[in-house]
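Structure, as structure tokens:
Labels run A, B, C and D following the written order; every chain starts at residue 1.
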């Protein structure tokens, strides 16, 4: 999008946040609370989301996540932002109480965004018509079923759920958990990753991705996984049991054995959407920290006049700004070099490794300045904290991202760094300190 | 208690933990969950606690917290441990899922322990008979009402709730929050701190402590404060409104204007009971960390064989052991020098500043090794985490304890350190690098 | 400079580093060592610097630091880089063993760069001819005399050295220390900051800056201050005594009472030159870390295959990249908004607070991977470490920069942040948990 | 030693520090400086050390390190302290400017203490007479030659220097570095670790230790290794070349193939002597930090009144006290259970991993409060810093100690922890969130 047009869009988005999102945050919490009390048969998006979607659409704040190329494939206008531009928007949406409240209102929430991209890129026309169209209109929701309880799923080659060909159908058996969004009654479709190939096949061709309608017989929603006691109602991070679940062979995405490739393409940018929003969450925490320090006294001094508080505020600003610059650099590289470029991949891993931890630290600090209130229902901070904490494993643990980035760095150093050749100093040792007898 | 006898006691306590506490942890959670669903009129200790109390009594694991002198004042046997011995017991009890589950079963839970000590030391015979006796038998529960929403209550001189003499009564008006235990229907008595003296009186004589029966007219339980979404049912950290609450003048403790003194004496040891339990929570987290690392593989390696995991385990052991040694040193000093000794006071502040943060860090690390499960309902870790996090402000924020300890250190250095005199080096400068023209 | 031309310049600079700087690093150390042995009357730049200067000039790598406007004022071509472009060059020059070895060769070293800028902006034509011309040609060197032993000079209003008018002269009395470069026999001129106004004058007009030729009677070079035992021969961080040092009134810069203003303008960009070079030092440390890990085995594994080493490499990359992005952002802002802009000033302070500590940490880590060799004469790391460590106070301690940035942040938040208004949640409390009797 | 007698000893030691050590610190530095200027043929202990030795002997402050059993084997009185008691003395001696200045004066310095212990335990009567006697009287000095440049010597099985039998002699060939003390002309004997067995022998029997007189032909002192530019004159951490160095077969210690065993026994307690002294260094840094904060003003406030400074002081106290308690716990365990006990070994590793890093951090903080002076020749801090930094690798890198401790912890957990069995919660999943179709 052109720079000027984009500035207008950002202003519109800020205005939407101020007039529609922040004033409705308590209502959002209350509606979620109500739904939880009513039980599983009422898990749908709270009414306020549905209302705000119409307002977002009307203001052109719809499907902003959709890259130009995917938009074309999807036969849609809308979106068309660069990754760098979307980083700004995503951060702004990320300043809402629940990191995805505004994102839900603008149809930019996970896991639907990633699923829509996969469908736009790899879906057949029929698949697009059936699932992508209603997703783009937020008429239905979707889930992405990858993680399994028995194995370290951050290493996708471990995945065990079986997808077995049986005539015109595939038969799916296995157990998944942390399947976000699957608790929502509006969730109609799941993209599932499972094993079509045996251990003897090349490692990265053993997995496939397949479309599984939620209503298919054999699917049991066992329970929502909780994080710090929160069930994430009404989306839910569901534990799901698959017992002889049959879907037509045409439901396979992009062909058998291409699951790993799809995952690679999907996860790169998708995961940093969470990070972009985390920057927004951290900014809000910093703002609260400043506000509290301006309004509270202890030991005869306003908090904002205490050296240690001032330093904490500055350190927080430094950490947020550095993290944001890293996110933007990664986004900008994706725009110009694609996400297969060596340095881009390293940056994407670094972003995923750095940002959630930064947000957790910053939010923890903001809580501490608030005393007890900081962790209570009167503050957005505990929910933000849990969100940041979860993100440290939710798309692969920090450690896996550090590992990926470290290996890419080693490879860069040995191949291309102009400094790598220098090494240690070799001194002349011909004149010894004391000669031998 | 004699060393040998004490070893037997510890063995009995460990056995109680293994046979009665750990196997009932899920039941405890389920009962709490049920009570919460039933609503405010059902907030009582879950039945399992009541059952376990009988077993604890039968095994002599009752009122262990009660120091020898308080036991005498209370006209009771039982207790009689040194602070150092109680540190061991408190840590063992602290290994239960909820940090106070075992402590509740052994009548060693807060805020009752502190209240019992205050009543034993400062109560009249009548007050003891009325409130201390049933507390020692766990027939009733109690609350301690100090913190207020409008002021930084970590500085107790800020407290505003008014206690005004009116004939034979005091009339109380004000608002408190985070009053732990007050949501429990068995909570019958509250020790309240408020202002009897005007701003013109000497600062540390403006406050008094007074007994307020929960059933006194004018008391409204506004709501339980939540921490990370948890209402701590069935105890509750209550927000309470006091409107013209009248109690007889005989309810004052130790005399008008002595509230600050009582608080000082109460808070010292009481607060490190939480820290002692936190060592237990941290030990359990370390144990889980090891267990997970022995049973999980990633990238072709068992976690327990990865250098970074092994190092984390060792760092955790070092942090726990150092913190425990600090706690024990403080307890030992209290036993030998009392808690008014200069170095003891510094140690008590250091313990309060160090231990909760240590526990939070350790538990966070254990969660990370577990991936998503670490923060879920399948793990004790998120509850332990929230407990540690809360303790960073619950008895005064870390920062206040650092401040106290730092001032005591400066005072020690200037008065007594053998090194303080040494200073910087004063070199001979009579031969300059280059002389003046 | 145009982008394409600038890419050529960078390539030339890299080539210069590889062909002239790195191969001469040991020679540089040896020559410095020799000069130190010969004593104070031999403190001049080592011959290799003088030789390399000619090569740098010949390749157009001369006075790169000079901004377009200053170049114009100085009547010179050369320089003409934006701050952002200079950041790149400065980082590249900063990869030499001693952080300023390459910078010296390219006449881009401190404190001469800052002094040249001050002279270009505030000097009279005569002052420029006398001092700026030879500095731009590296025929002489200069010093900047600000810091004093008796006061916390990071707060410039504390400075006490007196500059007293006496007819056509000013008479200077006082003691300075850490006056970098003043030990060099080629150092001919000093810009001195001192007090012309009394305590009754407005705080920021009490100080002036004045030109003091090194050969003026009354100046004693007392000794070089050492850092970790290093005297920084042949420049020296000198302690200097001023006793009735007389200079003509025309030596004042920009007029009496403008010392503070000059300092503000000088220090902003000047100080981040050090930070830019520190990025280069950190990059070299990372490169060494990778190289060591590729060539060393322990416990049956190559270091580069150990998870903990790989993670350290990735963390280092993340820290360096984030710091560089912060430096570049600050430089870019200076280019577009000037260094008086609110956000630019905050960024400049953050850069100064963040970068030296980052570099210290990174270099420490690189040393650790090397074992004993990492801190020995065989490695560039200990010198880099000391350089980074010193920078944490050399241009004002970290704490002062955090303080400045924190205050600017608080001011931004209260005036302009779109989030500042949101605050805590105000829940409806009309239905209490339990109503009063 | 009996408690009362020991208190007298400590008081004597403190008095010695105050009257003899601290007042002579500058003289010590000056003498070392002079020796360095005079060159390798003057490397002997500075005269002040020699003088102070007589005073230390006269006061009974001699060979304090010598355990009761070793003293008996050595046929000496003196020493006789428990490890716990020696910890106190070692810390006190460690408060001198150079961590081993007082230790040298009391004949408690490395590597002589370790060598004396080895000789007392494993030496023949003749070896004791020849080398142990003069060492106990400080008439000669010694070295311990283990580390080699080509291999990661922290894993002793890597050591390559060959010790080959040739008739009645062993012939030694190889290169060692970081051989502390070997630069001193008074150093007469070296204990060398090398390879007598081939790769086919059991791993831990391939190495032997052997006595090598410094005057044996074939030994070249190549150079002193420097740490941060310091050659540690007059002891030196020497690089040494061994070319066909022949010693009689009777020089072998305890028999061929027992080198590893000797190393294990030697290194345990020896290494924590350094850590004990580091506690002293850290205490002195804290004292300086307080002193500086009491005497310096910035921004209109005394440093000691700033919240952030007070907190740093408290954190430093907490870190030092926790580290000391860990050291004392390890020493106490060694006294009661020996250093082969499982938990003792873990504690010894933790001490080595924790203390040097703690000291480095604390000293760095103290430097920062001093500004430039903190790292200069006017302060003891930079030397203390380098000492702490070096200790992070000098007896095996931190990482190796963490690794050892982590493995011991895992082994303890799986075998003996009462908590290890508990595991995660297993919830009843029979009633699903939503049943399958």
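The criterion applied here is as follows: contacts are C-beta pairs under 8 Å (C-beta built on N, C-alpha and C of every residue); 3 or more make two chains touch, one makes a residue touch a chain.
Given the structure is predicted, the values throughout are model-derived calculations rather than measurements.
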item	value
Fewest hops from chain A to chain D - one hop per pair of touching chains	1
Between the pairs C-D and A-C, the one where more C-beta pairs touch	A-C
Longest centre-to-centre distance from chain B, chain (CA-based)	C
Inter-chain centre distance, chain C versus chain D - centres from mean C-alpha coordinates, in Å	38
Interchain centroid distance [CA atoms averaged], chain A/chain C, Å	40
Multi-partner residues of chain A (each touching 2 or more other chains)	307-308, 311, 373, 377, 399, 403, 427
Chain B-facing residues of chain A, complex	147, 149, 152, 154-155, 158, 177-178, 225-230, 237, 296-299, 308, 364, 367-368, 371-377, 382-383, 385-386, 389-390, 392-394, 397-399, 403
Residues on chain B engaged by chain C in the complex (per definition of touch)	40, 183, 215-224, 236, 238-239, 241, 243, 306-308, 311, 427, 429, 432-437
Parts of chain A lying in touch with chain C, wherever the complex brings them together	14, 17-18, 22, 25-26, 29, 95, 283-284, 286-288, 290-291, 293-294, 304, 307, 309-315, 317-318, 321-323, 325-326, 329, 346-347, 349-350, 353-354, 373, 377-380, 399, 401-407, 409-410, 413-414, 417-420, 422-427
